[in-house]
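Structures for review follow.
One chain, chain A, appears in both complexes that follow, with chain B as partner in the first and chain C in the second.
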Partner chain A sequence: MKIQPKALLPCIPGFERGMLMRLKKMLNSKGIVNIMYIPVILLFVSFIIYPLIKGIGISMTNWNGYSDASTYIGLENYRKMFADRNFFLIIKNTLIYGIGSAVLENVVGLLYAVLLDKKSKAVGFARTAIYLPVIVAPLIMGYIWYFMFEPIGGAVNDILIAMGLESVDLLTKGTTTVWIITFINSYQYVGIAMMIYLAGLQTIPADYQEAAKIDGASSFQNFVYVKIPLLLPSITVNVVTNLIGSLKLFDIIVAMTNGGPGYSTQSLSTMMYQLYFGKQDAGYAAAMGIFMFCSIAVISVAVLLWFRKREVDA
Partner chain B sequence: MKRRILSIILAACMCVGVAGCSGSGETEQTDEKGSALEGSISIYTNCVGVQAEIIQELTDEWMKENPGVTAEVVAPGADYENVMKVKMSSKDMPDIFSTHGWANVRYVDFLLPLNDMPWANDIESTFKELISDDEGNLLVLPIDQNKWGLVYNKDVLEECGVEVPLRTIDDFMAALEQIKTASNGEIAPMHIAGGDSWPLGQIFDQLATPAFTTAENNDQEALLNGTFDWNKWTDFSEMIKGMYDKGYFNEDIFTAKYADSAEAFATGKAAFCWYGNTIVEEAEAINPDVNAGLQPLPAFYEDDDMSFLNGEQTAFGIWKDSENIELAKSWLNFMAKGENVKKFCESESMLPGIETDVPVDVGFATEYYEEFADIRSFPIFDRAFLPNGMWDLMCKDAADLFTGTISAEQYSLDMQNEYERLLEAGE
Partner chain C sequence: MRQWKKRIYSFILILISLVHLVPFYILLTMAFKEKADLSSKWLFPGYLYLDNFKNAWQSANLGRAFINNIIITVLATLCIILLSSMAAYPLSRRKTKLNTFIYTAIISCMIVPALTILVPLYKIMADVGGISTYWGIIAVHVTFMLPLSTFLYTGFIGTIPRELDEAALIDGKSRLGVFYTIIFPLLKPITATVIILCGVNVWNDYQYSVFFLQSTDMKPITVSLNSFFSMYQSQVNWLAAGCLMASVPLIIAFLLLQKQFVKGLSSGAVKL
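Right after this comes the complex of A and B.
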């Protein structure tokens, strides 16, 4: 939209026509648009780039996290990380949290979306109920489920005992516990996936589905060959955001097991936190943080590119 | 164009906002002699619950006495240590902060010497050493002090026919077995809240004192100069693993929280706890009739005697670079008043950290401190003999040891490696 100098001029006492024209020219120039980037760039550099560079620097020291003293030790922390006997267990757990949650959230979210892609009061209620856990803080969600699963007095065990079965301490079962946490994380965020899929489903033109029906496609074929390809942009968004969020899962683990017993349910995030604050090994924590950042970046970009190649235009 | 104009206005607002954020926070303080104190201070404490409330109440009273001052009490609870580590790394400490046992190791570089305070000479000399730096400068005001022993549920021991005091570790093991057998497994001989992680280290840390530091031929020097034989930790941890294997702990040891320990102790479902006297206060809130007892830690060797653990508990120091040192000193002087020390110590059955003219009743513990008045006290093991930062490993590996993920040898090796790393980092 162009500025109307004549309309503005009477409002600004002493404002000459020439000045107004210069202002107009300046506002319409590319330079002013570039200036708009400055706050964002400043924030990005301050809160992303600078900490990242600083983190790389810290990862090459033996800094304890709070003192003035630290010594440069090169890549020793990275060597220590790969030699740590718990490292591959932590990687395995992190991948279960990340990939497991992404798969569960997307499969269940898509299922919910397909089932609830209708207009009725009951459907609205169901959508709300599924979305509701999203608004609960993840730490609170973790504690709610902790009280469900705790071995003495927990709801799950009370049910088992009422059914005449033995009680089970499901929070100390290693990989099983990791899957339980993955399930809880998925339960909490499946509502977001469902909403994105619902929005995606509603953008698919009815013509395509009708054409498929006329060609004799069954409902299942319609879903697989018409809806899924057109939903790929939604799938891409969902998978990538779920993957990133779940690979750095933290709060629910802390609330439910605090990464224990021992290291059995630790993720890279919780381990990094405990290395920094618990073991006072900030250098090692930073090395793990850099490794985690690079891993998530590589996995996310790879998944993003894979899906993008398969996207089709409606 | 409207969007562009709006963008310019928003960007300008952001810049002004950012600039505005950096310009506030200064405090005014008049420290002219003779004039009333003015200004504001921040006080950070690791205390929670009743103790945190008492600190707030006392601070409110201090502010009433000094109308020109304001004080903000911050009690972040379990996150306290992490908050303080971040503050230490950014060199932005509160004016006054709790040192929770680490005045001389972790916080020494941040603390103002308090030798000139009026109560500095009212601290018992051996205890004063623990809260002073290597040059003998007093670092903190100790409101109370630890004198940890073995806390037990008296009714449970009587019910199971266990007689106290248990003088040796063998007596203790026999008592654990007796409780398990007599109660038919209904009572946990020891309750540990492993769900909170840190309590798993308590039993190792507390029993390490009689195991390594109290006997005539002890390992104190070896632990301090880095020549300790870590094979001894293998035997020690195998002994504690034996307790786990025999079922002497609560069955939910890895998931129970601290509140569960208090509840089990209060309701007679646990005989011994490893949290010091504070667990009794928590238990009394659940069951006012809980009958608690206290004895020194049993000895590990025939020629040794029982022992107590002694150290700082609730202690406050002043940040040496604070701009409000006079205010902070005034607050410490107020807290050091006899009636205030009494109020705080009696809320948790702890001995006072400084001598005052107001007698302190430490509740259930009084009779036991009198009964065992001649028993020696030793500094808490990890604070005195391990480098700062080993606690987390001690707890995590303890859990792995109990679950069979690692062996006792691996636990010792991890302890040794971490001990050497932290010593090297400290140097």
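Right after this comes the complex of A and C.
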């Protein structure tokens, strides 16, 4: 037997006949469609804007992350942050992760795109191979490279030994290790940059390149003076997204070194995690979060505007 | 001369492909190797040792983790599709000053890395009992995915002619009816993009899950592998088998639907 939902309505307490009509009318009216973004705004207010304000509050306390008690200590956490010598090492690492990845991904991605801007089976295979790492979880990609760089029995060391060199523990080499992690991050996501540049290259009209050729431009000049300026919108997108993505690098660092040894490969994001869950210094962690929030916002907007200006000029 | 150029080109292509496939090869050789086998990771074992998979599955509690991953990924993706397409419709169709402001505010949240507000967010979640619950992690995933998906939907709805809405309205459909029966079905291509984008990001997520899913039963694959590895530092072969199992579903999906994946994941880098 089928029960008509309408037949059940009178069972609801407080139901009156006009209600159904009014409900229907409400759903039909313009109003309800025009405010369909209300759920999104509610989520944003409760999970982005409210936490942000609360974060500023927490950053001015000595809250330990679990107890109910915390004392207001003003800007003490920020003072502690800038007085800490390790903090500048962490900032340096974060900048290497961010800027290094953005540069590597774009240079190599553009190179790959120019090289693979053809149609053939081999090219298709190469594109798939380059893109495949994008699908893998960054944490897992970090583990795989940990196997490669393991001090004992690592795949990279096997090559060094085969070449007659001495094996080295590349995961405890300070800034070198930071660069290795940067390289792995770029290696994983270079496929996305390549695909965006490939799409950008498709939009360049063939006449432009032919005209340049007739004027006697070599293929290198063609690339620098014709393709690059026309690719600037793609470059902007790639640089800004890679920068934002890599400045907050977390998973790969956790998998490969967990920030160690000491603070040598720590980034702002891994440091925040350890301050909160490891050292129970939630106030300090929140202060670092607010600092990171502001600096990423400033850096990415500045880079975006800088590239936008070039785009207009070109 | 030409022949030479072609050969060098093919050689470079093969070299690049190999460089990008090496990690997968190492993962395979390790996953099938016994722990006692100390031969180089470059050598494929002459046997297939499947105990690694069994042991990893059991000691990392991967069965439970897969179920968690599937539940979280499916529900989060559904919520994202529903909420962002709904929000995009008025934002794209009615460009009032208020709507433009709301749209700009939503889009500028793309620049905000979620990680920076995780400490207060964790506190809020703890206060409302959202730690180690499905709804808690789903709410977090959905919130931080919404700017991008709303952006994609708004752009796409803008390309659907308004006349379609008007014709349906004249036919006596309600406004809501127009959206669900006329517009929503037309959004299939961009919905496919959003599904891939969210699916891959949520499935592979570690940084939110490690904060918000802490009880053993709720851990997704990445967090399970991580805590497994911190317990059994020496069992790298088990870890390799676990990593392989965790990656296989997405790799198969990628190889089958390559074009859609490339399109979907590239739209993550949108025109800002």
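Convention: the second predicted complex is superposed on the first by the 275 of 314 C-alpha atoms of A that agree within 3 Å, B and C clash if a C-alpha of one lies under 4 Å from a C-alpha of the other, contacts with A are read in each partner's own complex, and residues count from 1 in each chain.
By definition in this document, contacts are C-beta pairs under 8 Å (C-beta built on N, C-alpha and C of every residue); 3 or more make two chains touch, one makes a residue touch a chain.
Computed from a predicted structure; not experimentally measured.
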{"item": "Combined model on chain A: chain C and chain B, fit or clash", "value": "clash"}
{"item": "Touching partner for A:G100 - first (chain B), second (chain C), both, neither", "value": "neither"}
{"item": "Partner chain(s) touched by A:Y263 [first = chain B, second = chain C, both, neither]", "value": "first"}
{"item": "Which of chain B and chain C A:L115 touches, first, second, both or neither", "value": "second"}
{"item": "Which of chain B and chain C A:M36 touches, first, second, both or neither", "value": "both"}
{"item": "A:F125 touches, of chain B and chain C: first, second, both or neither?", "value": "second"}
{"item": "Partner chain in contact with A:E150 - chain B first, chain C second, else both or neither", "value": "both"}
{"item": "Chain B versus chain C as contact partner of A:D281, first or second or both or neither", "value": "first"}
{"item": "Touching partner for A:V136 - first (chain B), second (chain C), both, neither", "value": "second"}
{"item": "Partner chain in contact with A:T241 - chain B first, chain C second, else both or neither", "value": "second"}
{"item": "Winner by number of chain A residues touched, once chain B and chain C are compared", "value": "C"}
{"item": "Clash with chain C (superposed arrangement) - responsible stretch of chain B out of 3-11, 327-335 or 417-425", "value": "3-11"}
{"item": "Common interface positions of chain A, toward chain B and toward chain C", "value": "27-28, 32-33, 35-36, 39, 150, 276"}
{"item": "Touch list for chain C against partner chain A, complex", "value": "10, 12-14, 16-18, 20-24, 26-27, 30, 38, 40-42, 83-84, 86-87, 89-91, 94, 102, 105-106, 109, 111-113, 115-124, 139-140, 142-143, 146, 150, 174-176, 179, 200, 203-207, 210-211, 221-222, 225-226, 229, 236, 239-240, 243, 246-247, 250-251, 254-255, 258, 261-262, 265-266, 268-272"}
{"item": "Interfacial residue positions of chain A with respect to chain C in the complex", "value": "27-30, 32-37, 39-41, 43-44, 46-48, 50-52, 54-55, 57-58, 112, 115-116, 122-123, 125-126, 128-141, 143-145, 147-148, 150, 153-155, 158, 187, 192-193, 195-196, 199, 233, 236-238, 240-241, 244, 247-248, 250-251, 254-255, 269, 272-273, 276, 282, 285-286, 289-290, 292-293, 296-297, 300-301, 304"}
{"item": "Chain B-touching residues of chain A, taken from the complex the two chains share", "value": "1-3, 27-28, 32-33, 35-36, 38-39, 62, 64-69, 71, 146, 150-152, 169, 171-172, 257-258, 260-264, 274, 276-281"}
{"item": "Complex contacts: residues of chain B adjacent to chain A", "value": "1-2, 4-5, 7-8, 11, 14-15, 81-82, 85-86, 88-89, 109, 194-197, 251-252, 254-256, 260, 388-389, 391-393, 396-397, 399-400, 402-403, 405-406, 418, 421-422, 424-425"}
